[in-house]
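Across the two complexes that follow, chain A remains constant while its partner is chain B and subsequently chain C.
Moving on to the complex of A and B:
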């Protein structure tokens, strides 16, 4: 069972209180983009076995979208942060690097 | 290979069963093969089998990082059906279902195919319309399904509650030749037949890198050393993304955990497979008497083979409402498998950006039923280098081109 702390309301929310929203920090491509870019944006997720940045919504709480860093191989949660972020915050990146030295970093 | 038969059984009975030979060999890898298949699950072994049987390609290795049939082949709920909506899916799954009919004789291995009939319950008016549409589509596709009313449902499944307070049973989509098979036996039967054709099944041999030259595959690095080949098939279900990354491309696939569970064994009480998609639960009774129950998929990426407990609660709540008599059953085991989900919930049997490297993945929550058809289509693709009629529509490039095979409700679970 996952526990994610909502960065807005501070509640340690249990999984049934949250809705999963897929990979975070997607760069959006729309009209005018190439087929490759649009296909990658629509379908080609990183789907890593390991460190994953993802979106969740605190659906049965404050209702806001939040972002989380989590390991898909162990279900360990490294931290959560606000949705108005274009990349993971430095402190979470440092924490992940300390715990997963083989991790290649966010890209 | 000594054939299994009633005479073999009698002979061995007189011999204290000392003379049975191993069902398949466990050889060391050779330096190179004409074709390598990564993944010795049902789909991988079926691919190898039809490569040998239909296309005469027998210098083949099947590499498996764990043990044979130990992934999703050993973790599913063994349901076989082909009542899909879209033409390409109906063709592929019906091919698989029809191959299952004679697979025991074909492999000389009892896979215990039991075409006991399968019901997909309609519990909302929306579902009634949807299944009527599927019945009409299946009629055009030549797949035998029919629409039945609630009284007939009650006849077929006496333990069902057809007038539940929330979701009364309004009818069902019935496929009389759907059913179940023994999942391990499917993998074991194909493995025995492959080994008999001279193919090498190499277990505990994990692929660590895919080697290529000038855009053509040349072999794989494994924990047992480099193995050369000019044809590579990737058939690894939940870990497709990992192996595809080794081969240098990304797949439109995400890996999620799907759970299932079985109850303690009870006397025979239900001789059909029942799927209740609105309340989200499906159940059949195994030959051992256990009620085999399919649960839900987690909504988040997961490689751990253990899912969230609340899905089990939701599934059991739904099933108790539908089958009140199971309310005091104890659950015996629960497990999870990593399923590879595509955007349109249809599989991928496809060429890839790497030359002579082929992929078979994306079966999501419904791969077991497709094993023979999937192997048939994948073998055709690998042998010829071009997809045959079964695989043609299932290219991984369909996402770019917008030619989806939309089966979002195919597995009967709320994705």
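Moving on to the complex of A and C:
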């Protein structure tokens, strides 16, 4: 029963208010892309043990999609941020680096 | 024999007698008794039969860890199986029955399994799977089903009610022993919002029984003082009979509060399930004593030393006149002393250690108790109760040096901290060599959302078996600092317990016991797992403790190995010649003790099990014979039955009447999403396979939506409302899903596009007016021009009809002249009634979803979920015409370009006409010669929709067939459940009005 703070409405939302959306920051590949690119976009997921970036929708709240930086092993949440982001914000990246020195960074 | 002592018993009230029954026998106890203490007081040593061998079993423990004394409690609507007698409070009229015996507890036929024990070794379930195959089905399974089992499942509806509640606190303290009470005092004084919960009906835990002295007074007095201070604090909530079932992510804890288990039928909810969110959790859950593994350690009368002490001190129950205490530690001497102080005989203390000269052993000796060091129990003699023990050298192989007659054995193999709440959410353990136990590793706690420790273990649960109060102070201080409270601990209580010498780990007694003895040393009492079973598993290659658990069923019973896990893994480690910490523990999973399903369901039962969505016309449907079917959360009329009609007859009448005269359909459940904004057209062009941006205002167009893999996910008619707004109709079940899908793309991918979406499904009631008389009805109502010229097929218009403001769509899902009319939801019922009133002269009848389905199938229209199953692209269904060739991109376009989807061998949509007019069975396949690698028949297609067409008077079907459209006229065979086949000709899926002239009049 995770708690994630919604960056839009400020509510500390419980997992039952949220619906999951899988890995964040996927790049869409449409017509004209190679089979490898399309396969990576559709099916290849990082599924790391450790630092992970995820999509959640505040479905039973404000309805907004949000992104969360989270440790899948300890459930620690490093931060949540708006879905209109093509990469994790710098402050969250800094926070993760401080807490997880072994983390190789967002790629 | 076990009996009630004349004096003593700190928890019972001898002035309040209670009558209850066990296996129909009337017995008496006192208020404050547990069922277990009352059974023992009545010399009921034998309380059950074991799961596998049906061995006689007695009460072994005094708390939640009890594996043996499980009973069927109550009857009918209040029958509850597998209730532990040790945690069941006695009440007047309690009815308990023992389990897993036939025909009676005393004479049980299943005990032959005990004689056949060597044919039921560890892993025997799996071994019987292997060969011969028939033996499993005809021999092993029937025997196992007959003989194994626990309580009987209740047949009646649960007579009780349950409730759930949310709660929040700064600090949840689990365990009302002295550590928990002390932590609550410190936190309460610091001003934190504190919850203190205790699973039993009593505060204080073990300390009052064990004779602890706190601040110069007995523990019981200190507990009373602590409680009176805590009760006066507004920021502290105290709950007895409240068990913390599990700790979950980010401080979420389930608490099961037993409100009326001991007062059944008093009108209160039986249980209340608290859904607690705690900023911090202190697990002051104590420790559980471990049994010792010696032959016959399961014979009734063999009990945990601490339990013997509990029964004597708390309930004035003597488990036996003459008790042998067997131990590897000093703590068990407290039991010998307590027994002697109660005037009972202690035959001897058998101590496996070579030396026992600590304070407690010396005190025992001074009381005249015989202490035998370096000795062990070779075996216990007796059947349904203990008769004697054979004594041997602890380091030997079990040759008896003497026999001690006795009627009870109190055993202690040391203590294991209750680490469940620590471990449920990822807290790790370390092996404590000195105490031979796993305890929480403070460096690796379960983590909160901010990375701080979510749980602090305190007292015995933290491995502080003796300095519990001091440890509670340390832990609560850390917790309060994390929470930002200034924790002051001014008055550290002086906590005195007698000093104890170190224990000596004993995992098998005696050390060199041969196979005959090891095959009678029980590790897991409830599942009948013995030392020899775990050793066999190790020999057979089960090195992982998780594999061994599943192979032998060690720790898999309702007690989840509270007594057996540590002993079992120590035996496994020994067999593997590996250190215990390397073997590790199995995973601790919630719940700590069983929680009734009723408590988990709470109020969600019967009518309020789930919310129902009802259209504005729902009441009318109920009054007019509607036979409902679920569509998502909606209830829609399947058909409207008239008196004397079957469902099938009603459906056929509705179809015929609609085609011949006039049908009215409540289509309010249809999804309605408004998409508006400067980029709305561009957005819809991405969403639909067809072109929506070019749709003229006032017109409608059918559209398909695919996911990124290219598979069809929804369809519906889109109407352009204005220059910048469109109304998208979705399937009835799909409105919320498609709305979320739109928002996903707008918020996460094309966030710079200026588009709003609004799901207005419930804002409108919608009625389909269908059939040759449809226009006549609308013209009778009057108010707007609905002629062919003013409102042609696939157009829409706003206006009024019979005084109702409405929007009329000329669209048809039936192949008839059809108007779909939307009115504000609040007008829906009145508009529906007006249509029926005015329509009576034109033969108007309501029709339901089945008639809708049949009419669309007669027309060859697809239905999402029938013709599609998540692996179907529009091209499979012959819907290429609805895919724009001009667009560079739409969702699913790239996916559809994948080679396997472009294959000519795809199964494609066609119609089927049976040769004999019969109806193809739902789900029928079209096999072809040959078998696949799994030995299954090869198939070339399947049916997707199949109906008896009332219009054509014969069976019609749609289905998918390999290269279907190229095989028109061919005859294929469909499977039938009776083994036969149904022959059908491949035809066009359009069975009715092939040229589509009827809706266009």
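The working rule: the second predicted complex is superposed on the first by the 107 of 107 C-alpha atoms of A that agree within 3 Å, B and C clash if a C-alpha of one lies under 4 Å from a C-alpha of the other, contacts with A are read in each partner's own complex, and residues count from 1 in each chain.
To be clear about the criterion, contacts are C-beta pairs under 8 Å (C-beta built on N, C-alpha and C of every residue); 3 or more make two chains touch, one makes a residue touch a chain.
As the structure is a prediction and not an experimental result, all values here were calculated from the model.
Asks: Which partner does A:75 contact after superposing on A: first (chain B), second (chain C), both, neither?
Replies: Both partners, chain B and chain C.
Asks: For A:62, using the defined touch cut-off, is the partner it touches chain B, chain C, both, or neither? Pick first, second, both or neither.
Replies: After superposing on A, A:62 lies clear of both chain B and chain C.
Asks: So, does A:28 touch the first partner chain B, the second partner chain C, both, or neither?
Replies: second
Asks: Tell me which partner A:52 touches in the superposition: chain B (first), chain C (second), both or neither.
Replies: In the superposition, A:52 touches chain B alone.
Asks: One more residue to check, A:1. First (chain B), second (chain C), both or neither?
Replies: both
Asks: Applying the document's definition of touch, where does A:83 land relative to chain B and chain C: first, second, both, or neither?
Replies: second
Asks: Take the contacts of chain A with chain B and those with chain C, and give the residues found in both.
Replies: After superposing on chain A, chain A residues 1-2, 15, 19, 35, 42, 73-75 contact both chain B and chain C.
Asks: Taking the complex as given, what residues does chain B use to touch chain A?
Replies: Residue list for chain B touching chain A: 239, 241-242, 250-255, 298-304, 308-310, 342-343, 399-400.
Asks: Flag every residue of chain A that touches chain B in the complex, lowest number first.
Replies: Touch residues, chain A against chain B: 1-2, 15-16, 19-20, 22-23, 35-36, 39-40, 42-49, 52, 54, 70, 72-75.
Asks: List the residues on chain A that touch chain C in their complex, please.
Replies: 1-3, 14-15, 19, 21, 28-33, 35, 38, 41-42, 55, 57, 59, 63-65, 71, 73-77, 83-84, 99
Asks: Any idea which chain C residues touch chain A in the complex?
Replies: Of all residues in chain C, those touching chain A are 248-252, 277, 425-426, 447-451, 708-709, 740, 743-744, 747-749, 751, 888-889, 893-895, 897-898.
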